[in-house]
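As written, the chains take the letters A, B, C and D, and residue 1 is the first residue of each chain.
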Amino acid sequence: MEEQKHKLALRSVRLEALGDGIFAVAMTILTVELKWPELKDTSWQGFVNAFHQLLPGLLCYIISFIVLGIMWFGHRMIFEYIGKTNRHFIYLGILFYMMVCLVPLSTRFLAENALQWGTIFVYGLNLSLCNLSLYMQWTYGIKHAGLLERELPPEVKKEARFLFLISPVVYTIAIIISLWFPIASIFIFVATPLLYLIPNKLDKYLP
Amino acid sequence: MEEQKHKLALRSVRLEALGDGIFAVAMTILTVELKWPELKDTSWQGFVNAFHQLLPGLLCYIISFIVLGIMWFGHRMIFEYIGKTNRHFIYLGILFYMMVCLVPLSTRFLAENALQWGTIFVYGLNLSLCNLSLYMQWTYGIKHAGLLERELPPEVKKEARFLFLISPVVYTIAIIISLWFPIASIFIFVATPLLYLIPNKLDKYLP
Amino acid sequence: MEEQKHKLALRSVRLEALGDGIFAVAMTILTVELKWPELKDTSWQGFVNAFHQLLPGLLCYIISFIVLGIMWFGHRMIFEYIGKTNRHFIYLGILFYMMVCLVPLSTRFLAENALQWGTIFVYGLNLSLCNLSLYMQWTYGIKHAGLLERELPPEVKKEARFLFLISPVVYTIAIIISLWFPIASIFIFVATPLLYLIPNKLDKYLP
Amino acid sequence: MEEQKHKLALRSVRLEALGDGIFAVAMTILTVELKWPELKDTSWQGFVNAFHQLLPGLLCYIISFIVLGIMWFGHRMIFEYIGKTNRHFIYLGILFYMMVCLVPLSTRFLAENALQWGTIFVYGLNLSLCNLSLYMQWTYGIKHAGLLERELPPEVKKEARFLFLISPVVYTIAIIISLWFPIASIFIFVATPLLYLIPNKLDKYLP
């Protein structure tokens, strides 16, 4: 009785604001880390050379930016269904944000040593842990009726699980392949975001 | 039927919050990159010399800050009309944010090599891509009635297109001119923001 | 009379937004400071060596991230009860944010000199000052009825005091112990967050 | 008529959010710039020496943090009265944010050359420009009835002007004094924030 009267709503809006801030900083810092090579001569050739040196780094940062954008979208979507929080849900959110904050670090590592097994392993592991921790948060949230904002159609639940878990599977394959063909792994990292850009079963629930 | 019942509103407020965060970080980081030259002697002359060395960089950062401020304003305005989002609209937003996050990088490049064709090309291209991707997002948004929050007067539509597209045109001219007179291009970069500060046809719709 | 009519609500929402931003930047910057050691050889052994060198730093950053996450949660909780602000309350908030912004600095200091009394003292002192300043803000807020949003059950008041003050006590013990066994202090820093992860008396008021 | 129908509210909430983000980043980056001197020996004396070297920088950062906190409070207060925006008001806001973003730069300059006329001039000028541009924004806002959210009591208007303009006056004095006694200027920078911490005539309008 007493507890019921003093029960807090603990709406999710602050946790979302923290997340938006963390994604904003992580995404901006990604590209800030890029350094232009020094222009040794001012000819057209010198400029092309400098750009050529920047290119692998630039590509890594573009991949990471798009991947973070897609994760942000997933993170944004779960709060369409989950509107309240409790202590465990918030700590699962902090765990997800911790993984997100490590992405600039593993991106830099990849950009500096692009075609080595070790860096591909670290990068793939980092991105997989992002997805897995977000999936844990989502699973915890939808299991606790008190946190749900609206009814969750079974189709959404199934499709969301697919979208959360397909990336870690693909990244695991990329890590294994990198033992023999590191360049192929990079192609997989480039191609994976496309999975989230093509139409999917959730689109019909969106405006 | 079933889909209708479970339809989500997917309001634009989170995408706007992410954007505000990204602009805030990008704008702050611009000036943070600036380094004071070491003060070799503590005389008045030494201080003037140090300031003189800082000046070209400071000017580049001021231009970029104002340009980002104007873009933020454009970005803020489109959400007066567009109140809901879908997957494609959000991904177009992420694309725009990616271009914005590259501005500190191209500003640094310009500040370090101010009067060269290559850097002016990169800087002008970056700013143009910001405007073009924002224009794509806007065009997509106003074409989908489900995303619109309020009626869009034809005059606003026309003037908005002008304001989005005039910059890329001017920047292209600046890039071409820089082949012969790089200093003139810098003047164009300084003057372009003024186009957005003088009164325009949209002002009568504002408070 | 006149004052009553012009009285401002000064809701706490902006102070919370500033805090969310500060926590987001501080948490992201923590991991950004980490640098990968250069990979000298590309063998499996070389990668293991590099990771080994990164490990102590990584551990410090993980501890700080979790501690900041817990502090954010505490900070988020006090605004469930306090919904308005005044000048003194806001300045106490700024004091708390100042302590939070120093955490990346003291974390870096710990990461670079992990097992020394001085760094453990600075780190423990910084974390304690965070908790103590947040506790000051909380105490001030709940004493001023005009700031309160909802009734504060005595049990919450008591448990909150315990949760705010237990950390500074534990950190003081860690600092003293570090004079003889610095490694034991590190273990205490790792273990303290667990105090906030186990169930507590406030959980029954949450969803 | 037509314009009336399509008139936009252009509420100030997004501009406030951008400002909160910019203040959050600027405040966090202030302390992040601080570097611990290398610990040459691990004795108590070595630690005291390192701390001693850090102290002047730490003091500069604390001053700037408190000054930014007070400015944030002023910035937060003007939006209690001003609830809508237009193009010019927003551009004045961008100008204020530009001055705020330069504070980490001038703080670093002061921290590295604390007792020189040039750095004190730059620092005092930067802080003064922050206050003056915020005052311009405020003056513009309260002159346009369409932007006002609530009635502005004459006493508030007068006291606000005093609080906005007292700092630039004091800082100008500090700059002049620094020609002869730079150490006295630093004391003035330390003491000025106290003006905003003592009770003032606006407190009776707050909760």
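The working rule: a contact is a pair of C-beta atoms (placed from the backbone, for glycine too) under 8 Å apart; a residue touches a chain by one contact, two chains touch by 3 or more.
Bear in mind that the values here come from a model prediction, so they are computed numbers and not experimental data.
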item: Intersection of the contact lists for subunit A and subunit C; value: B, D
item: Pair from B-C, C-D or A-D with over half of its contact pairs in common with A-C; value: C-D
item: Size of the rotation, in steps of 5 degrees, that lays the CA trace of subunit A over subunit B; value: 90
item: Copy pair subunit B, subunit D: interface residue numbering same or different (half cut); value: different
item: Separation of mean Cα positions, subunit D and subunit B [Å, integer]; value: 25
item: Separation of subunit B from subunit C, taking each centre as the mean of its C-alpha atoms, in whole Å; value: 35
item: Overlap residues in subunit A, where contacts from two or more other chains coincide; value: 17, 20-21, 24-25, 29
item: Contact set on subunit B toward subunit A in their complex; value: 2-3, 6-10, 14-15, 17-18, 20-22, 24-26, 29, 84-87, 90-91, 94, 97-98, 101-102, 104-105, 108-109, 112-113, 116-119, 144, 146-147
item: Subunit D residues within the subunit C interface of the complex; value: 16-17, 20-21, 23-25, 27-32, 34, 36, 39, 42, 44, 46-47, 50-51, 62, 65-66, 69-70, 72-73, 76, 79-80, 150-151, 153, 156, 197, 202-207
item: Parts of subunit D lying in touch with subunit A, wherever the complex brings them together; value: 21, 24-25
